[in-house]
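Next come the structures, one after another.
Each of the next two complexes has chain A plus one other chain: chain B in the first, chain C in the second.
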Partner chain A sequence: MKFKTFAAFVGPSVFMMLLFIAAPLVSVLIQSFQVTQPILEQVEVETCTPGFLTQTCVTEVKTVPVLDENGATVTETRWVGLQSYQNVLQMNKVWEAVGNGSWNDIMQIDFWKALRFTLTFTLLTLPLVIGVGLAIALAVNNATRAIRGPVIFISLLPFIITPVIGALSIYWLFVGDGILTAMLERWTGTNISMFAQGWTIEILMYFFQVWHVAPFAFVIFYAGLQTVNMDTLESAVIDGASRWERLRHVIVPHLMPLIIFIALIHLMDTYRAFEVIVGFRSQAHVISLQWLTYDFMTPDDAGNRAISRASASAMLTMIGIVFLLILPLRRTWRDHKGSAH
Partner chain B sequence: MFLRKIALAGAVSLMGSGALACSYENEVPIKSLSAGFEAWKALTDAMAECGNFQAELDQEFRTKQPAAFEANPALYQIGGVANGTITPLLNAGTIRPLDDLVEKYGQNLKPNQLIRINGQIMAVAMMVNTQHLMYRSDVLADLGIETPTTWDEVLAASAKIKEAGVMEYPLGATLKSGWNIAQDFNNMYTGFGGTFFNEDNTTAVNSDAGIKALEMMKAMTEYTDPEVLVSDSTYVQQQFQQGKIAMANLWSSRAGAMNDETESQVAGKVVMAAAPKAMEGGAPATTMWWDGIVIAKNISDAEAEAAFRLAMEGMNAEMVQGANDAAIWLVEGYEPNDLAQGVIETATAIPPPPAYPSTTQMGLLHSALGNELPAFFTGERDAKATLVAITEAYTTSAKEAGVLK
Partner chain C sequence: MSTSKAMQQSFALRFSSGAFLAFWCLLAAFPIFWIAIMSFKSPVDAFAASPWDVITGPATRANGDGLSILDIVLGLCVLYFAVRWAFTRLPELVRHYCPPGIIALGWIFGALIYAIGFVLIFFGLLPLILGPLNGLLGPLGTPVLGLTTEHYVAVWAENEFYRNFLNSMLVTAGVVTVSLTVGTLAGYGLARSGSDLAFWLLILALIFRALPHSVLVAGYLPVFINSSEILAPIFGEGAPTLYGQPWAVIAVLVAINQPFTIWMLRSFFQNIPAELDEAARVDGCSHFQAFRRVIMPVMWPGVITTGLFSFLLGYNDFLVTSLLLDAQNQTMVPAIAGYFNRETTTTDQVEAVAAAVSITAPLFLLVMIFQRQIVSGLTAGAVKG
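On to the complex of A and B.
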C-alpha cells in the first residue's frame, strides 16, 4: 500500500485517538500532580431558615470562595508533586500496618481495599469465564443442529443485557426477601441475608461476572472450534485418544491464541469493575478501584470534588492494568513475531 | 430508588401551553431543574399550566446544577434546592437576590418562607422536611407501649416487640453506606449535643458525643434487618408498607406513602411523632431541612422576572390543596393533618433541632462520614478508630479543597 493511501485511511482514527484518548490522559496525568483550589475567605454570615412556623436565624463564620469582578470564583493551581498519590495510597499507614503485621489495618485504607477486591475479582473470574465459555462452546458444538440456534440464543442473552441492569436484577433477586432468597430460606429453613456481609456479596459478584462475560468467551471459542483441523482430530481418534485427550492436546492448543485474546479483554474489562459495586450497593463491604475514582469525582452537596485524588487514582488504575497485561501481551507479541518469520 | 432515579432522570416533562388554572399567559420560555419527589412534581405541574414552561425533575440534580447555573446564559432559570444543595450556588454567586421580585410578586409569601443570607432573600422555601419517628400504632398499642420519645425508649420498645415475636426486625433505619448513613450519624450526633467543627475549620466529631452517637447507632442495628447497610429511604418505606417493621426515623416526605392504600398494606396504622431525643433535655436527634426555589443570576432581568412570577403562580393555595399530603408545605393554604404531626412536634420541640448546616466544610465532612462509617458497623473498626479515620479523611479532603491549610 502506498504511504499516502495508508495515511489517508489511518489518519482520522489516529487523530481521534489523540484527541479523545491521549489528550485527556495527559491532562489527567498533569492534574494528578496539581491541586486547584478556590481562594477562600472567612466571613460572618447570618442565615435565616424556616422552622414550621417561625424562622431561626444563625450568625456564623463561614468559609466562602472569593469571587472576582465578573462573578467567577478565583482559583489558584499549585504543583504538589506526589501529594495526591500519597493521599490515595497512604503509604505511611501501610508501612505502619505492615510493621504490626496487621492485614486488617491495610484493608481499612480505601485504595488497598479496592485493589484487593479488584484483583481477586479479576483473577478469580478469569479461569471461570474461560472454562465456562469453553464448556458452553463444546456443548453447543456437539449439540444436534436442530437445537443449536435456540441454545446459542439463550447462551448469548446475559451478554446482551446492559451490565448495570444485570447487576440490579441479581441484586433484586437476592436482597431482603427477594424471590431467590425466599426460596433458599424455605429450602434451608434458616434466615439468609446475602447483603449483610462482604463475602456473600462477593460470591454473588463473581457469579454475576461469570454469567455476564462467559457468553462472550463462548462466541469466540465457538467460532474457533469451527476451524479445528478435522484431519488431526480424526488421526487422534485413530491413535486411540480419549475425548479428554483430544481436548487437551488438539483443541486447546488450537484455541490458545483465542484464550489469550479473551484473557486480555477480560483482564482489561474486569479491572475496571464498576457496575457491580453500584448495582449491588456494596460500598459498605467491597469497593473497586474504578468506583473509588468515581467517588472522588462525585461532588458532595456543597459542590466539592476531589479532582486531584481522582486523577491520581485513575493513573494508578491505569498502571495496574498495564502490569496485568504485560504477561499475555508478551506472549501475543512472541507469537506474532514467530508467525512473521 | 435507583430505578426511580433513572425513570425520573428521563422524565423531562414537556408540557404544552394549555393555560388552564393560571391567572395569566406566560410568554417567556422558562426551564427549571429540581429534585424529582412528589412535592416538586406538584409545583412544576401547577407552573406548567401557565404555558411555555419546561420542568426537569431529576434526583441527580445536585451534580448538574452548579455547572448549569454557571453557564452564561444559565441553562435553567429556576432551580430547586434544599439547604444542603444551595451551598455551591451561593459560593459561586450564580443565583440572584430576590428582594425586588418578592416585593413585586410575593404578596402571598409568608415571612417564614424567605431564606435570608445576610439580610438578602436568596431563595424562597416551599416546604420543610425532617427525619422523625414513624411507628405502627396497632403494634405498639397491642403490647401496651407508649409512644417512644427517646432513643432508649425506641430500643426498649424494639426489644419488647422482638420478644413478643411480632416482628423479627422491628426497627427500620436509613443506614445505606454513603449519604444516608452519614445523615443518620449527623442526626444522632447533634442529638447528643455534638458540634461538627472547631473554629479553625477542623472537625470536632472525634468527641464524647461522637462515641455516644456511634454506640447508640450500633445498639439500633441489633433490631434492624442485617442488610441495613444497603437500606435507603425507599427501602425503609417499603419495609413499612409491607408490615415488616414497626418503627423508623424517616423523612416526613415519605409520610404520605404510608397511608397510600394503593401501595401500603398498613394504611392508617402508621402514626407520625417527634424525632426521638438522644439524651434527656436535648433536642430531637434530627436536622431540619427546607426545599425551595432559586433564580439564576446569568439570565436577563426580564427572564428572571417571568421565572419568579411563574414560580409564585405555582406556589399558591390551589396547588397546595391539590397535593396537601405530598409535603409539609410552608405555602399559604396548607392544612396540617395527622401526617404533619411528626414534623410539627419535632420543629416546635424545646430546644429545637438545628437546621442542616449549609457550608463547604459540611459537604466534605458528610462525604468522609459516608465513606468511613460503614467499617464500624461491619465490625472492622471500633468507635474510636472510626472517629479518627473520619477526622483523617476530612482533613485530607479539606486540605485538597483549600479549607484547611
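On to the complex of A and C.
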C-alpha cells in the first residue's frame, strides 16, 4: 500500500485523535501553569444615607471587578509557574506531617487521599479480578454444554451495565434500610450503617469493581481455555501431575499472555475510578484522582470553575498512569521484539 | 464428547465447581434483579426489611395495585408467544418485505413496529380485557402480587425523562455512526499496511487509550465555554458556543473511542484474507473500490461488534456528558445524578430506582440479542494481541 493511500485511509481517524486528544493534552499542560482571574480594582465609593439636617456620608475603598463596555468582567491570564501544582499537592503541609510522622495528617489533603485510594483500588482488585475470572472460566469449562450459554449471558450483565447504575444497584442493597443491611443486622444483632465510615464503603467498592470487571476476564480466559493443547494435558496426567499441578504448569503458562493483557486493561480502566465514587456517593469519605479533577471542574457555589487546579491535578493523574503502565508495557515491548527476531 | 478415564473428575470436584458457578450467577444477577423488583413496589415495600415483603408487596396490594393469578397466567402466556413470534415469524417477515440492499434498515424498522405492537397489546389491550374478567372470576381475580407502575409514570411523564432518553439516543447514534465510519477506514488501512508508521500509530493509540477522560475534559472545558470568542475571527458573528452542544460531545466521545475502535477493527480486518482485495486489485479496482465492493460485504460481523462497544461507551458515559452538556440537553446517565440531590423521601428513592432500571433495560435487551457478538468482540482483541 502506497503512503498516500494509507494516509487517506488513516487520515480522518488520526486527525480526530490529534484534535481531540493530543491538542487538549497540550492545552492542559499550558493551563496548569496559568491562572485566569478577573481583574480587580480598588474604587473609592461614597455612600450617603439620609439623616436629619445633613446626609450621613461614608467613604470606603471597595475592591470590584473591572467591567468592559458590555458589562462583562475583564479577566487576565497570568503565568504562575508551579503555583497550581503547589495548591494541589500542598507540599509544605506534607513535609510538616512527615516531620510529625503523622499519616493521618497527609490523608487530610485531598490529593494524597485520592492518590492513596486510587492506588489501593487498582492494585488490590487486580489479583482478585484475575483470580475470580479464572475460577469462573474453569467452572464454566467444567459444566455441561447446555448451561454454558445462559451462564455466559448472566455473567455479561454486570460487565455491560452502566458503571454508575451498577454501583447504585449495590448501594441500594446496603443503604440505610436496604435489604442486605437488614439481613446483616439480623445475623449480627448490631446496628450497621455501611456508608458512615470510609473502610466499609471501600470494601463495597472493591466488591463492586470485581463484580463489574471479572466477567471481562472470564470471557477472555474462557476463550483461551478452548485452545489449551489436550495432548500436553494428557501427557501431564500420564506423568502423574495432579489437577493442581496441571493448572499451575500447563494451563496458567498457556494463559499468560491473556493474563498480561487483562492486567494492562485493568490497570488502565481501574486507575480511572470515578463512576464508583458517584454511584456510592462516597465523596465525603473516599475520593479518587479522576473525581478530584472532576470536582475542580464543576462550578462551585459562586459559579467559578478551578480550571488551573483541575489542569494541575490532571497532569499529576497522567504522570501516575505512566508509572503504573511502564512495567507491563516494557514486557509487551520485549515480547514484540522477541517475536520479531 | 468422550473424555478419557484419566481426565474424568471426581464427584466432589464437579459438585463444588457447579456450586461455585451457581453462587457466581446469583451474585452477578442479584443486584440488577433486585432493583428491578424494587422499582415496581410502593416505597414502603421497596425498602421493607424482609425480602418476602419486597417480592409480594403487601403495602402495594393494599393500595389496590396488584396482579391476580389470572393476570399472571395470561400475561406470561402473551409474553411467551410474543417472544416465540419474535424469533420465528419476525425474521421471515423482515426478509420477505425488505428489499435486499437495506436489510439492516429493515431490521430496525421491523423491531420498531414490533416494539410498538407489543406495548399496545401488553399495556393497552391486556388490562382492558383483564379488568372485567378479574371482576367476574372472584377469588382467582383478586390481587395476590403487589405491583405498581406509578414510579415509571412519574419518571417518564412527570419528570420528562423521555427528553434525556432522546438526548441519549442522539448522542449514542452519533457516536456509533461517526466512529464506525472513521474507524473502519483507519482499521482497514492499519491492517493492510505493514509499515513502521502503522505500528507506531497503534502504539500511540494504546497510550491515548490509557489517558483518564478527566484529563481530556480539563482541556476541552475552557475552550468549549469560550469557543464563540475564540472562533469569532474564523466564523464571524455566528461562531457557536460548543459548550452544551450534543454534536460537540459526539465529536469528543468519538475521539476518545477512536483508539479502541481502530484496534478492534484492525484485528477483525486481519482475519479477512489479503488475497481477497489483491484479487480485486488485479481486476482493476483501486484501493477504495476494493474496500467498498469486496471488503465491506464481508466485514459486517466485525463492524456490528465494534458498533456495540461504541454504543456502550456513548450510552454509559457519565463524566464527559455531565461536564460538557448543560441541564437542558442532559443524557440519561448524568440525569440520574439529579435525583441524588432531591432524594429526600423514599418515594424519590424509588423513582431513582425506576430511572436506573429504565436505563438498564435497553442494555439487557442488547446482551440478549448480541451475546455472541459481544463475546467475540471481547476475545478478538485479546487472543490475537
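FYI, the second predicted complex is superposed on the first by the 313 of 341 C-alpha atoms of A that agree within 3 Å, B and C clash if a C-alpha of one lies under 4 Å from a C-alpha of the other, contacts with A are read in each partner's own complex, and residues count from 1 in each chain.
The rule is short, and it goes like this: a residue touches a chain if its C-beta (ideal position, glycine included) is under 8 Å from a C-beta of that chain, and two chains touch if they have at least 3 such contacts.
Everything numeric here is computed off the predicted structure, so don't read it as measured data.
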First (chain B), second (chain C), both or neither touched by A:Val252: neither
Touched partner set for A:Gln31, first chain B, second chain C, both or neither: second
Touching partner for A:Leu82 - first (chain B), second (chain C), both, neither: neither
Contacts of A:Val98 with chain B and chain C, given as first, second, both or neither: neither
Most chain A residues touched (candidates chain B, chain C): C
Which of chain B and chain C A:Leu138 touches, first, second, both or neither: second
First, second, both or neither for A:Thr298, with chain B first and chain C second: both
Which superposed partner A:Pro158 touches (first chain B, second chain C, both, neither): second
First (chain B), second (chain C), both or neither touched by A:Ile203: neither
Partner chain in contact with A:Leu168 - chain B first, chain C second, else both or neither: both
Residues of chain A contacting chain B in one complex and chain C in the other: 168, 176, 281, 298
Complex contacts: residues of chain A adjacent to chain C: 1, 3, 5-6, 8-10, 12-14, 16-17, 19-28, 31, 36, 135-136, 138-140, 142-143, 149, 151-158, 160-166, 168-170, 172-173, 176-179, 182-183, 211, 215-216, 219-220, 223-224, 227, 233-234, 237-238, 243, 257-258, 261-262, 268, 271-272, 274-275, 278, 281, 289-290, 293-294, 297-298, 305, 307, 310-311, 314-315, 317-318, 321, 325
Chain B residues within the chain A interface of the complex: 2-3, 62-63, 66, 83-85, 87-88, 90-94, 111-119, 125, 128, 168, 176-178, 181, 199, 201, 225-227, 229-230, 235, 239, 288, 290, 297, 328, 330, 343-344, 347-348, 352, 355, 358-364, 366-367, 371, 374-375, 377-378, 380-381, 389, 396-397, 400-403
Residue ranges of chain A touching chain B (in the complex, touch as defined): 35, 37-40, 45-58, 61-65, 67, 71, 73, 84, 87, 104, 107-108, 110, 168, 175-176, 191, 193-198, 281-285, 295, 298-304, 306, 308-309
Complex contacts: residues of chain C adjacent to chain A: 4, 6-7, 9, 13-14, 17-18, 20-21, 24-25, 27-29, 31-32, 34-35, 38, 47, 49-51, 54, 182-183, 185-186, 188-190, 192-193, 195, 197-198, 201, 204-205, 208-223, 251-252, 254-256, 258-259, 262, 287-288, 291, 312, 315-316, 318-319, 323, 333, 336-337, 340, 349, 352-353, 356, 359-360, 363-364, 366-368, 371, 374-375, 378-379, 381-383, 385
